[in-house]
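Alright, structures below, take your time with them.
What follows is subunit A paired twice: with subunit B in the first complex and subunit C in the second.
This part shows the complex of A and B:
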């Protein structure tokens, strides 16, 4: 079935209420911490209070003797029993040599490298006993100088023997010679330095895991708050513990948000799984919020310089970018891909810039590992490019919309100079619609009204593009991925016609249980309530690569569509038999099978029942049952794109910056459930505007202590920080998946930060402010105004 | 949290005895309980004042409002007595923390704790209130002694605070975006003894700004407030704000408080 046929089916485009919300809203959800095993013990991890230190000794004798203590493991106990945590993406240096990949021990060995680095696991009968014993573990440290800022990394103290000068890799993309030539011919060059501030993901549910082992079956079961249980199992069995996969089951039940931070294989998950056999007990660990701040993989943290060469009309001729990326103390699972493959390939944006050259240097520092966080590389690319484009306009005397219009791509497919080929889009259409919805024409009047109150008003544009639906496995493999990136779906039609869908995509807030049910209901002509979606359990779902990169509907949904194709093909054969016609004459629509040119028909329910009660059935030609599995590997990325327009009002006396209006027009291709999509956009906008206005992860540059280690100092946005968003859509269906979908989970977080900061700069231009880095806190805005006055 | 025992006395006398014998007094718990959860504080014995009826309540007393130590922020914010006599105090209470904090937190707990960013100490000092304890009365000017330090002696319980009704008053709070404590808060009051300007959030503890008070006593106008140079020396500097920014906020917020009083 093609995308245009699909989008016309019933339930597609219908805001069906979320099936999962009853249990979430009434406290009936089943999160990992809600699960209690028989004979369950509790684990507490002893963590480094220092950013960088030699572990001279660890004395567990007093702690081991404390009440209720079952066992205490330290790094040495694990040596030889397991490997280190793997990095899932290999990046090569320009000379072809591989990146530096220092060991990432499950429990620290010899050295700790960031505040919160885990060095011992205490297991006790109760949580309180485990905490008490953890406090009694005596660690003798030799504290070393620390480095936390990526700009200090090259000259800072060495973290790893295997990474001289704290370098992980240098990576380049594009043709430097061609770009240099473009700059030589430029009428004007616009330059920009910027910082993409580090963020803490802060999922509402912190990480939790329970390790179990059965002597009877020799099977391990890990319950874990995770976005991709099969990936977790694959990494843990194949790379760390050396266990056979059929003896390890990973279950990620209800999960309260991930935003990327729960993609990864964390040390605690491995330690708990392994130790469950050692102590022959189930072991639960629930991360506390303070631990989350210290140990969840953080996001962003880039320092970049960018230059754009233009002709006299503001047409882009070439761009060069140099980015320093902070990877933290160790390589988290997909950390290396974020500032490279997921970043530099997006730097063409929506524009016809013919030559782009990007250099990326990635560094180790004494901070928590940095990895993919809602958008993963694409927000960093979009922030850099959209800041640069607005500045190009200002320097060329062109408005923010005009500079964009002069450079927009307007025909597809479009091959960018940074490897990607965009299949479809309508960038100008998105901008025009956004301008209309934002009442841009009324902006001068609103600015004058603000001025009359002594306030400054600015407008900011951002025209983002992102690559979702990651990814064609062969391309990803060629780029260094150490895993495939397909998805799996299974459709199990029950004898009475209801359906269970098994998907490798994992839902941790996205609403898959509803959206995927709509897809299946639409295709089979059954009620949405007759379809249940199962996810998050390697013991029930055949396989899966999980949820990240806004891939679920475009890859997971496409796998379901392929399985539905198989169901339909087989069901037609059964129907043909029942109607005594040839397979080719059978048509299927709205849950009914008919024979062309006759009034014969059978329902989907009759076919389902016949498949399982095959009394009148072509058993010689066809197996009974109606249960099909499909794997789908995409042929390209999908390319959601749009234009966001932000209006801010600034009080120059205090620097207080309010987002007064925010308009987002997105092209997500086919939309299955508009309510859910709108919710995803709202969530993304809040995270993106949060980064732009208030969120900021700060380590002390000398001591390496995390200064924003709780919600007392790390500013999470609240509802009253935002105006009512205006959300609109343009639809150009994706050309290469059967749904026409592109993905919507990250767009808001990707597109919004530059819109906000461009608005801030637009408001402050009159005062002479030209440079500004996120977040636009009152203090920072006020300081920028004072600096411009001075 | 470490294990502890909990006493819940029903009378002030029992509460005083329990505190005198080493119990840690628990008022609304909005600071103590989080610090216990994080194991930063480990009292072996808690004395919960929530059962002492005589400690809660709001009563007018001549030209003053007397508020019991265990009165919740929510109740101060909603009190018709406070709203009519000292609306700035009700307004202050209505913006402390969030709903949960306002439903649990108490005035006495906040004032006795004297967090340098708390709101209430600025009202107590700005209005020239009198602190009542189980032993004595203490004037606001003598009560606050720097970060988390007050004139209260060991075992002495704050029982009530008496706020004289001002001619006018205003509280201007500039929130620290993460904690929603005051990054700077200015409580301005025109009292019988003159203008008082009490500032919280900006320093090691709540303090009066003599320069602003002198200027406003001469001329109670926005321009008068604006003419005062607020020195950044000695003000807090941290990841949320520099001392210079806090000094600026003291000036701006005082001007706005004056404008509010004149409106």
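This part shows the complex of A and C:
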């Protein structure tokens, strides 16, 4: 079935209220910490208080003798029993040599490399006993100087023997010679230095894991707050513990948000799984928020320089970019792909820039590992490009919309100079609609009204593009991916016509239980309530790659569509038999099978029953049952895009900056549940505007201590920080998946930061402020104003 | 020590160490896991319950301080036949939740607000919810839900 037929089916485009909500609203959700195993023990991890230190000794004797202590493990207890944590993406240097990939031990060996680095696991009968014993573990450190800022990495103290000068890799994309030639012919070159601030993902449910082992079945079960249980199992069994996969089950039940931070295989997950057999107990570990600040993979942390060459009309001729990426102390699971494959390939944006050259240097520092966080590389690319484009306009005397319009891509498919081929889009359409919804025509009046109150008002544009549903597997593999990027779906039709869907996508707030049920209900002509969606359990779902990169509907949904094709094909054969016609004459629509040109019909329910009670059935030609599985590996990325327009009002006396209006127009292709999609945009916007206005992860540059280690120091966006957003859509369906969908989970976080900062700069232009890095806190804005005055 | 509580209209006594928090009594002793813990600094509001008619953060109050109190948790809101409280229904109808983790605290805070300010404006709702963090929804649909829930409570 093609995308245009699909989008016309019942329930598609309908804001069906969520099937999962009743349990969440009545306290019946089951998050990992809500699970209590019989005779469960508790684990607490002893963590480094230093950013960088040699472990001279660890004395567990006093702690081991404390009440309730079951066992204490340190790094050397694990040596030879398991490998280190793997990195899932190999990046090569320009000379073809592989990146430096230093060991990432499950419990630190010899050295600790960031505050929070885990070096012992204490297991006790109660949580309180485990905490008390952890306090009694004596560690003698030889404290070393630390490096935290990516600009200091090359000359700072060395973290790993296997990474000279703290370098992980250099990576380049594009033709430098062609770009240099474009710059040589430029009428004007616009230059920009900028910092993409480090963020802490802060899903509201901290990480939790429970390790279990059964001597009776020799099976391990790990309950874990995770976004991709099959990937977790694959990494843990094949790369770290060397266990057979059929003896390891990973269950990610209700998960309280992820935003990327729960993709990864963390040390605690491995340690708990392994130790459950060693101590023959179930062991629960619940991360405290302050621990989560120190140990969850962080996001962003780039320092970049960018230049754009233009002709006399402001047409882009070439762009060059250099980025330093901070990877933290160790390589988290997909960390290396973020500042390369997921970043540099997006730097063409929505524009016809014929030549682009990107260099990326990635470094180790004494900070928590950095990995994909909502958007993953694409927000960094969008922030750089959209800041640069607005500045190009200002330097050329063109408005922010005019510089964009002069350079928009306006025919598809479009091959960019940075490896991607955009299949479809309508970039001008999105901008025009956004301008209309944002009442841009009324901006001068609003600016004057603000000025009358002594306030500065600015408007900022951002026209983003992202690449979702990373694929195909063979090309990703050639680019260094160490995993496949397909998805799996199974459709189990029950004898009475109700349906259970098993999907490898994982829902941790996205509402798959509803959206995927709509897809299946639409195709089979059954009620949405007759379809249940199962996810998050390697013991129930055949296989899966999980949820990240806004891939679930476009990849996971497409796998379900493929399985539905198989269901439909088989069901038609059963129906043909019942109606005594040929398979080719049977048509299926609205839950009924009919024979062309006759009034014969049978319902989907009759066919389902016949499949399982095959008394009148072509048993010689067809197996009983109606249960199909499909794997889908996309042929290309999908490319959501849109234009965001932000208006800020700044009090120059205090620097207080308020977002007064925010308009987002996105092209997500086909939309299955508009209510859910809009909710995804809202959430993304608050994370993106949060980055631009308040969120900032700060380590002390000398000591490597985390200065923003709690919700009291790290500014989380709150309800009263935002106006009501205006959300609109344009639809150009994706051309290469059967739904026409593009993905919507990350757009808000990708598109919004540059819109906010461009608005801040627009407001402050009159005062002479030209440079500004996120976040636009009152203090930083006030400082920028004072510096411009001086 | 013994602590006497009335939780969701059920009188009970728990025997807990004196430093036990109210949220620990609910989650660990009574196995009522609808009340969540999202931080360790009383900032996130996921653990909000109603104590003697007022919303409180149950991570920030000792069980001993709640001795003799009437507590309502998220498990106690729906009618005996399972019908959701008007505020719960409004959260569902307005898509005021995504991952659901902050939701119990949000709903109880919202009920507290609506009892005190049944006609709160969107801006007042935003100010009142300042003590409840949500990382998923961007708050817009929560504000909508609280206003719709308030109207439904008023007409119930």
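Observations on the model:
Note that the second predicted complex is superposed on the first by the 790 of 790 C-alpha atoms of A that agree within 3 Å, B and C clash if a C-alpha of one lies under 4 Å from a C-alpha of the other, contacts with A are read in each partner's own complex, and residues count from 1 in each chain.
To be clear about the criterion, a residue touches a chain if its C-beta (ideal position, glycine included) is under 8 Å from a C-beta of that chain, and two chains touch if they have at least 3 such contacts.
Just so we're clear, the structure is a prediction, and the values are computed from it rather than from any experiment.
In the superposition on chain A, no contact is made by A:191 with either subunit B or subunit C. In the superposed pair of complexes, A:770 makes contact with neither subunit B nor subunit C. Looking at the shared chain after the overlay, A:540 reaches neither subunit B nor subunit C. Counting the residues of subunit A touched by each of subunit B and subunit C gives the higher count for C.
Look at A:694: by the touch rule set out above, it reaches subunit B but stays clear of subunit C. In the superposition on chain A, A:783 makes contact with subunit B only, while subunit C stays out of contact range. By the touch criterion defined above, A:711 lies against subunit B and subunit C together after alignment on the C-alpha atoms of chain A. Look at A:290: by the touch rule set out above, it reaches both subunit B and subunit C. Contacts of A:81 after superposition: neither subunit B nor subunit C is touched. By the touch criterion defined above, A:176 reaches neither subunit B nor subunit C.
On subunit A, the surface patch touched by subunit B in one complex and by subunit C in the other comprises residues 290, 711-712, 716. Touching subunit B in their complex are the following residues of subunit A: 128, 131, 135, 290, 653-655, 694, 698, 707-708, 711-716, 777-779, 782-783, 786. Of all residues in subunit A, those touching subunit C in their complex are 15, 17-18, 20-31, 33-34, 36, 202-206, 254-257, 259, 288-290, 508-511, 675-676, 678-679, 681-687, 710-712, 716, 718-720, 722, 724-725, 748.
Within the complex, the subunit C residues that touch subunit A are 27, 31-41, 43-44, 46, 73-75, 77-78, 84, 88, 91-93, 95, 97-104, 107, 122-123, 125-127, 129-130, 132-143.
Every residue of subunit B that touches subunit A in the complex is listed here, in rising order: 2-3, 38-39, 174, 177-179, 239-242, 244-245, 248-249, 252.
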